[in-house]
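Below, chain A partners chain B and then partners chain C, in two separate complexes.
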Partner chain A sequence: MTMATQQHPTSHARSSKGMRNPPRGRMSTLLSPIATFYALFLLLPYFYIFWLSLTRYSSTQLYVPDLGLHNYIRILTDSYYLGLLAQTIGLGLFVMSVTLLLGYPLAMRIVAAGKTAKPILLILVMTPLLVNVVVRTYAWLVLLGDNGVINKALSGIGLIDAPLPISGNFFSVAIGLVHLSLPLMVLSLVSVMEKLDKGLFEAGESLGAGPMKMLVGVHIPLCMQGIGAGSLLVFCTVISAFVTPQLLGGNRFSTISTIIYQKFTFSMNWPVGAALVFVLLSLNFAVILLHSFMFREK
Partner chain B sequence: MVNRIISVIAWLSIVFLIAPLLVIVGSSFTETDFVTFPPRGFTLRWYAEAMVAGGFVDAFFDSLMIAAATMTGVALIGIPSALGLRMGSTRTQTILRSMIMAPLTLPAIVSGIALLQVYYASGLDAPFVGIVVGHILITVPFFIRTVTAGLESVPNSILEAAESLGASRARVLFRVLLPSIIPSIGAGLAFVFILSFDEVTMSIFFSNPEIMPLPIRIYNYIEFSVEPVIAAISTILILSAFVLVALLQRVFGIDRAFAK
Partner chain C sequence: MAEVDLEESGEILKIENVGLRYGDVVALDDINLNIDAREFVALLGPSGCGKTSLLRSIAGFNSPQKGRIVLKGKDVVDLQPRQRNIGIVFQDYALFPHMTVRKNVGFGLECRRMSAGEIEARSMAALDKVRLAELADRRPKELSGGQQQRVALARAIAFEPSLLLLDEPLGALDKQLRSRMQFELKELQRSLGITAIFVTHDQDEAVAMADRIVVMRDGRVQQVATPSALFARPATAWVAEFIDAGNLLSGEVCADGNTWSVQLPGGFTPGAMAPTAVDRKRAKLLLPAHQLEVVATTEASPYRLASIRPNGMALDLLIACGELRLRAQLPVSRRDEFEVGASVRLAATPGGGLWLPDD
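Moving on to the complex of A and B:
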């Protein structure tokens, strides 16, 4: 998912006909391995899950093939599942906003940095990206636990008596996810900011615009594409993330992803879990559609 | 004033990104039995322990084997696909390419569960195959994207020259087109290796005590405790990531990749 929604140059096809006289037979032969692979391991599993989502839960037989939309209706009317949905979307929006607030200034400084500073800054931003998500989550477990580094340090200097409530809740999951997705936001912004015409800023300054006016009136509007792409990437990463909310949220804070996992492992309620899968997918696609509607190329 | 605030936030962001990693590196040298920062004393005991206890070395080799099998599978499926894509008209290419990229928009947790259900239903008992199939599913789009980009840079004129000199279609494919995309195949496979080695969500579903890649081994540990031995393992992984990124910067220039 991480790279899924990143923009990439798709259509740089140089010839309109491909190779001359494409032999149809050869082409389908070459594409048959991937077609078979996707049919077996992508289409078939998803069709099966969709069918499961239409069945009814049974405590004795796992599920009974009494097909209908009851699982979906339950999720969309039950206050527990609606709360879960709101909690996941809220987490996505919160992490997205924080990464934007932190990432925008950092991206500005990276783009403006000199020949020696820029590679160093980029290495520092990209290193966390290549550190395994389990290791990064472990770091936050160590920092945020009741006996963690932060609580020990604060009580050591006498600032707090009882440990701060910074583990197994919204805060700990959000901070772990900000750490996870900040590099994605920064890189999306940097790639757009690098293409900005520096002359525009000189023009703005020579016309007497102050730094605040330059930022809000010139810089941010010119970076809207990067802001949009980065926000979409971060939001989709957050609502689909599993490892970080699972480990940092404990049993006390859940997202759609962690509940899906739970339904298929511990509570063995496959039909509701399967319906949640399609709720999560619809949420992803809805956000992608919203993004392409808001940021369509003119 | 505004510029000052921007600089302060930029520095805070860098500290926020890096500090947690430095805390882990530091605390891996502690002499205490629990993780603490700053570390007390200095010892390499946890590194020694990581080499013998907890099955971390076995897990590392499991990860390597899974990555190798994934790379083989991806190459077998991905190279023909990229070549086949190149043969279509622009329109066909666009449609086929977006179909091939489809798995990228699907959350790994969801694909993992879907695959697991089919695995259960099939009655197979081959967790290694399950993990590798899952990894291929996640990585093959990235590979095809890289190789397709390499193929785009091979001009049609070269292929036409070979054809007009009497080379058969198969000969053009295997003696002209394939050799010219070896570098992008290499880059794509390196990418696949990193992704597979790093993969967690898909692997969770298929891992068992016999086959368990390194990230899952760590995951299972930290679900219950945060011992210093994990800090030692993590330090090794953090330093490898740093060296890898620094190397990429030296060889390809990350900063240039973003410039116009």
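Moving on to the complex of A and C:
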């Protein structure tokens, strides 16, 4: 529940008992407990971070209130930060595409499953969400690490001399994030596919459509809303993800989130860290707006 | 668009001993049916009679366990729907919501890998046939029910299929639109020279459109006849009742030479020539409404006029006697002879009755 679901202050609003509500002014809305809670714990921290993002880094005092947009300008012009943005967006797009390619046939299979198989398949898909993200990600480390299961097995057989660099880079982070995001994509797709009118596929068949034509010409266009929703969910989750890139990216691969963490804990550059927070937030907003535009009701 | 193809004649579809069951339920029981080129055939029956199962078997959505379905000389029982070259108009039209009317109609042509020019030409020709060419760029949700139905029709005929199947095509339309569409559909079928089979539970619709009617019940064919033959000589009492052919009278049956008559109250004993191969104990007399003679009387009679209603050039009378209800149809000029609630005397027009087996 957000502030938006508070009642509008209208003097003719009626309660369910049919009695007239007393006129609500803006003051009483602001003073209501939920509003206060949100103001204190959501808005205030945001305002503080935003203010922080306008200050300047100081090696002696953490930050000085020399307000300006210098941090943002630096982020948007410095090649290091631009590269970081590109890397993060690239990760988002990659994971989004992989989960779509893997998730689409999986969702089709689930929807076509019989009464007993379907709930089992759905639970299997959702199991990653039931386990804590840190535990889940560490499991990948166990598999992919330099001393992990895969490397130990391969060197034990004698196929390799040195450990394969399968952790601490883009691909290990991507694998971990695909594992995390696949349920989101699959569930978005399944909910749309379940509602499909099967009569349309009979019509397509009667008109002579083969499996490819059916998939590309009928099935995918009808599932567009689900594809859009799933892609949005996955992309935003991935660009904002912290634990998985942190643990599986090692020192070699960073995303905006891991650099934010670094700025606040190691480099103690809170102003730039705060600015990065809002850059990430804006990125999320931009993608949501893009999605709304692309999938608007024509 | 190819008009009547004079080469196309003879049998188009032959259904031989087709049997279909779902687990324990028998949907089709030994169906045999021949359909000739350019015929417009109705599958008529109550829900659950198997008419839709039969249509779907012809289309290829069902796999009968027994029998053959021979389309243009080829047994298609093992062929997928998309290989059968059959156009189908579904009950809810099943138009692709994400495509324009033009693309919907062209879908079957795209599947046959025609050139873009060819597809455009044939799509527009089909839309012209159903007089919807100016709405080619609309989407299905912007169209009325009647317009959607015509798009579904255009889509089904665009690729010139061997056979056209229609599943309760007019069910979703309002009464006025329905009568108009019955005429248009029949005209379209005639001008295209295409063989068509449609499913309906409405006998008025079947009579209005079909060249022949296949009456079905519980997975079996009860009778196949032209509309007039069907009403003149229904095969059984059940068929007569379903198509509402007239009064079905049962009771004590007396045989007198060549005639059987049924004993009804008040000395009314309508009869007809004895049928062959019908069990006297399981027979009913069909007496159509216009073959029942009604006369107002002052004498005592168990028959009372329950209601009288004008029906075009005729008069519909309902006569009651205890639980029995009889319908009669008289010329409208005789209206003044009758008064609701008064006693009436009944007689059967000679030769107007028909004995039918009751099963």
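Just so it is clear, the second predicted complex is superposed on the first by the 258 of 298 C-alpha atoms of A that agree within 3 Å, B and C clash if a C-alpha of one lies under 4 Å from a C-alpha of the other, contacts with A are read in each partner's own complex, and residues count from 1 in each chain.
Keep in mind that, in the parts below, a residue touches a chain if its C-beta (ideal position, glycine included) is under 8 Å from a C-beta of that chain, and two chains touch if they have at least 3 such contacts.
Just so we're clear, the structure is a prediction, and the values are computed from it rather than from any experiment.
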Of chain B and chain C, the chain that contacts the larger number of chain A residues: B
First (chain B), second (chain C), both or neither touched by A:208: second
Which of chain B and chain C A:46 touches, first, second, both or neither: first
Which superposed partner A:197 touches (first chain B, second chain C, both, neither): second
First, second, both or neither for A:217, with chain B first and chain C second: second
Chain B versus chain C as contact partner of A:140, first or second or both or neither: first
Where chain A meets both chain C and chain B, residue numbers: 210
Chain A residues touching chain B - in the complex, by the definition given at the top: 1, 3-5, 8, 10-20, 22-23, 26-31, 33-34, 37-38, 41-42, 44-46, 48-49, 52, 101-103, 105-106, 108-110, 118-119, 121-128, 130-143, 145, 147, 149, 152, 178-179, 182-183, 186-187, 190-191, 194-195, 210-212, 215, 240, 242-243, 247, 257, 260-261, 264, 270, 273, 277, 280-281, 284-285, 288
Touching residues (chain side chain B, partner chain A) in the complex: 1-3, 5-7, 9-10, 12-14, 16-18, 20-21, 23-24, 27, 34-37, 76-78, 80-81, 83-90, 92-94, 96-100, 102-111, 113-118, 121, 133, 136-137, 140, 142, 144-145, 152, 155-156, 159-160, 163, 169, 194, 198, 200-201, 215, 218-219, 222-223, 226, 230-231, 233-234, 237-238, 241-242, 244-246, 249, 253-255, 258-260
Chain A-facing residues of chain C, complex: 59-61, 80-83, 85-88, 90, 92, 94-99, 107-108, 110-112, 155-156, 159
Chain C-touching residues of chain A, taken from the complex the two chains share: 197, 199-200, 202-210, 213, 217-218, 221-222, 224
